[in-house]
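Below you will find the structure I want to go over with you.
The first chain written gets the first letter, and so on, giving A, B and C; residue counts start at 1 in each chain.
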Amino acid sequence: MAMKFSENADRMDVRYVAGLARMALSDEEAARLQGQLDDILAFVGELKTLDVSGVEATDVATEARNAWREDEPAAGLGRDTALANAPLARHGQFVVPKVIE
Amino acid sequence: MSADLHDLGFLEAADALARKQVSSEELTTALLDRSERLEPALNSLTWFSRDAALAGARAADAARAGGDARPLLGVPIAIKDLLNVKGQPCTAGSNILKGYTAPYDATVIARLRAAGCVFVSRTNTDEFAMGGSTETSAYGPTRNPWDTARVPGGSSGGSAAAVAARLAPAALASDTGGSIRQPAAFCGVTGFKPTYGRVSRYGCTAFASSLDQVGPIARSVEDAAAVYQVIAGLDPHDSTTSSRPVGDCLPEVRGAKDLKGLKLGLPKEYFVEGLDPEVEKLTRAAVEQCRALGAEIVDVELPHSKYGIACYYILAPAEASANLARYDGVRYGFRAESEDLLEMYEKTRAGGFGAEVKRRVILGTYVLSSGFHDAYYLRAQKVRTLIRGDFEKAFSRCDAILGPVTPTPAFRVGEKTADPVQMYLGDIFTVNVNLAGICGLSVPCGFSPDGLPAGLHVVGPAFREELALRIGAAYQHATEWHRKKPADPKGGRP
Amino acid sequence: MSDYIPSIGLEVHVQLKTRTKMFCACPAHEEGEPNTTVCPVCIGLPGALPVMNREAIRKTVKVGLMIGSRISLRSMFDRKNYFYPDMPKNYQITQQAAPLCIGGAVEIEAGGQRKTIRVNHIHQEEDAAKITHMETTSEIDFNRASTPLMELVTEPDMSSPDEAIAFLTALKEMLIYAGISDCNLELGHMRCDVNSSVRPSGTDKLGVKCEIKNMNTFKGIHRALEYELERQAETLRKGGTLVQETRRWDDEAGITLPMRSKEYAHDYRYFPEPDLPPVVLDAATVEAWRAELPELPAVRRARFVKDYGLPEYDAGVLTADKAISEYFEAAAKKSKNFKAVSNWVMGELLRALGEKGQGIADAKISPEALAALVALVDARTINMPAAKDVFQVLFENGGDPAAIVKEKGLAQVSDAGAIDGFAEQAIAANEKVAAEYRGGKEAALMFLVGQVMKLSRGKANPQLAADALRRKLGK
């Protein structure tokens, strides 16, 4: 299982992507992740050597189809249970710090 | 009964309970006592509560006294910390879910509950099942009972170690890229990943939804089959479960004595550079054993196997990046206090997730992002089609496929943590089974000169669980590897 | 703004009228206490999985059938990823690559012109939770989370605010007709993202598009578009350039404003929802759903003109509400005087309902009773003022008009002797007026008829009264 690194791996901007994923990174963390992710991308970049023209994408893993339910209501959790794990709740609502657009 | 109640296998325990040779309370107490004694050395459990477990056991005993004769009534089982049990913590090995109490039962849990099983403990896992060593858990690494300097594999390393160390006769686990089979192989126990869609994922904390599947780890194929039998089948809460009926595979598994009439495929791609010579030797010996049991061994090709890991490490992180978006500190779990919402998100997720999870979430976000989606995600989906096609072709030539489960025996704790790619390569023989959505079984097939177990991989076509289990059972009928047990580890309480 | 041609496209989100949510069995459309209709699925607990509501799919497909969409025999759900506290999973389950309905069109009429507005597609998705912004915090209620939504996306075929409103009105009418949605705008059943651009007249290429988000009143949409189109044209006239952006409507100030750009650019990272298998429809199912479709308002309107000989105006008023049109038709079927029935429905009935704030379903007067009332008038059994009294009784208590007429003694007096008597009394009491009539003042007769009516307490047949007066006055 020798590892090959492709020469021209797309370089990812770790900070930008972490931002999309809403994760703050320390400088040290960002630097380490950048290196590791470059390695991983170089490795998974191996797929680019494969000819996939004319191959359909597997967009469904299950053999099930439709799997819908009838429009019949059922009991849920109840408010107290729903809120029991909330870090902050008030007036029966989940509370978060103010949204700044 | 003997003093060694903890040695009873899953069905042995069921039998002893049915014969009233032992009560569930005695059995559960023995396992709890042993857990307390060995956990300092193993760290295979994230949580157990004497009160909770014994309440279940006593209820089972009372039911039995009242004439309840359900076959699995009172049998203890350990549960991977990814599966929701109502009223118990469920943290997925993550700090972000510390303090979270599950308000509902996973479908597999509800089914085991209905069968009368007792939930004795919760087992350690790589954080959100992301890892192959149980080292990424927020609870710290689990140790391999055969050598506590080594990892038990992962992500279901806690389940495999606990079953091997006799802390539970069986455990539920989950397998996204090998997370049942690889730790089972590393710990010398039996692990079974059913076909995608055979077992409900409802209530199983999601890692990669198109790959995750719940299955058992036990000390024999028969025990694994007994657990599988309870949890399998259509679930209205999981739209991806198949409506195919689940037959009773236990008679077939119990009766399996030989492999006559079966064609078993041996892919040449599974015996390549990187496969540890000792593991290769043990696998080839196991294949010969199957031949001796009457199977015809045929060569098959899985030409796209080598692309499996790359494909998997695009698709699984992509799905995970969405599945883990819900851990945001809004409705449950850890929240970092902040003035504004964006800062709360970023600090909560930075503080709540460990390094491996962050790595995969960033990777998964990247491969889906605008400009890179087609080059990575879409291409990997196409490669997945090729890998599925490989197996379809192979299964037209054979009934099931044999091979190694892992390229090496258990490695040392810390050995691969700095190099994710090396860690990922350990999944080479298992990921393709998940990508193809078929079933795979790991059975113990011997020990390396260092005394470390290895596993034989039995890969069956989709929805042919009974076939894979029957092959494994016939192999275990002829071998003793699955009966070997590790010495109690040093470092436990006296 | 003849120098610039506007193009308007709409993205209309409609809450479907189902009992339960899109992906879980919690009751939908509950206006109860916050977070009371929630479960592991709609608050996004670990391990929870979505399950499709068949009725929601059926309703969306029916909308597609009504507007002539191609129904996808295999459609898929996708995950749309973005973080916001009203999204319990921080992704929305929607349809991007393979929506349920493709294409279609809605006919509109604006400013006396008929026009076809093309629809790009309709897809199925789930609504977000309700978020309330307070001073330093925001509060979230997940009751609304995962309410079934359909999103209908038009082509940029509308070229004035009036056309946009005409489109929305036609769509709303259709959706209510088919029981797809109550389309109560105040309750947020129908919400709209409005895309607009302008291009210099004489050119073909669409201009730079601006999107106004989350509009929920027709009046607001009209005003916002009027403002926005003029803003865009004026910017170009002054030689400025427009940037593609998202704006919001400030209703109080009457202007649109650019939304502050989010810290991160939107990158929704769509991918197929692995938790849901494809929706696979066969032709038989689709045809069965098509068979359930009601007659659409435009078709019914044309039919009312043709079958009942009604003026276009009447047909329009009567069919604007499905229940009213059905009421009319039930009454008309029992009557020979369709226009009179139409007049009663459009006039007295709608007025009375309006006064009481009631719907037609609350009305106690049955269609049969209304038809019978028309017949009594036509047979001159009662006159119009009496008929209105009878109507009021019927509206409030129901019953049989003939019985009410009898009970209240409202039947017209057509007895010649009695009317002659009233006529003589009227002339005797109003000699001056009688003289004017004799002198040629025709209008004076009407005063005398009124006096006869008064003497008869409204029951005299006015026609007979006039005849009798003319006779007595020697004409």
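Convention: contacts are C-beta pairs under 8 Å (C-beta built on N, C-alpha and C of every residue); 3 or more make two chains touch, one makes a residue touch a chain.
Please read all numbers here as calculations on a predicted model, not as lab measurements.
Trainee: Name the most central chain, where centre means the mean of Cα atoms.
Mentor: A
Trainee: Using the touch rule stated at the top, which two chains are linked by the largest number of C-beta contacts?
Mentor: A-B
Trainee: Just the number, please: Cα centre separation of chain A and chain B in whole Å.
Mentor: Roughly 22 Å separates the two chain centres.
Trainee: Between chain A and chain C, what distance separates the C-alpha centroids? Give it in angstrom.
Mentor: 43
Trainee: Can you work out the whole-Å distance between the CA centroids of chain B and chain C?
Mentor: 57
Trainee: List, in ascending order, every residue of chain C touching at least 2 other chains.
Mentor: 40, 43, 51-52, 83, 85, 138, 140, 263, 267, 269, 274, 276-277
Trainee: Note the residues in chain A that touch 2 or more other chains, in rising order.
Mentor: 19-20, 22, 59-62, 64, 67-69, 77, 82, 94, 96-99
Trainee: Residues touching two or more other chains, restricted to chain B: which are they?
Mentor: Where chain B meets two or more other chains at a single residue, that happens at 100, 103-104, 210, 236, 239-240, 321, 325, 328, 330-332, 341-342, 345, 365, 369.
Trainee: In their shared complex, at which residues does chain C touch chain B?
Mentor: 40, 43-52, 79, 81, 83, 85, 88-91, 138, 140, 263, 267, 269-271, 274-277
Trainee: Within the complex, which stretch of chain C touches chain A?
Mentor: Touching chain A from chain C are residues 18-20, 24-27, 33-40, 42-43, 51-57, 76, 83-85, 131-142, 259-260, 262-264, 267, 269, 272, 274, 276-280.
Trainee: Spell out the residues on chain B that touch chain C in their complex, using ranges where they run on.
Mentor: Interface residues on the chain B side: 83-84, 90, 92, 97, 100, 102-104, 106, 201-206, 208-210, 236-240, 318-319, 321-322, 325-326, 328, 330-332, 341-342, 345, 365, 368-370, 373, 377.
Trainee: Considering only the defined contacts, which chain B positions touch chain A in the complex?
Mentor: Chain B reaches chain A through residues 99-101, 103-104, 196-197, 210-211, 236, 239-243, 272-274, 304, 307, 309-311, 313-314, 321, 325, 328-335, 338-347, 349-350, 353, 355, 358-359, 361-363, 365-367, 369, 372, 375-376, 378-386, 388, 407, 420-421, 424-425, 428, 437, 462.
Trainee: Along chain A, where are the residues that touch chain C in the complex?
Mentor: 19-20, 22, 59-62, 64-74, 76-79, 82-83, 90-99, 101
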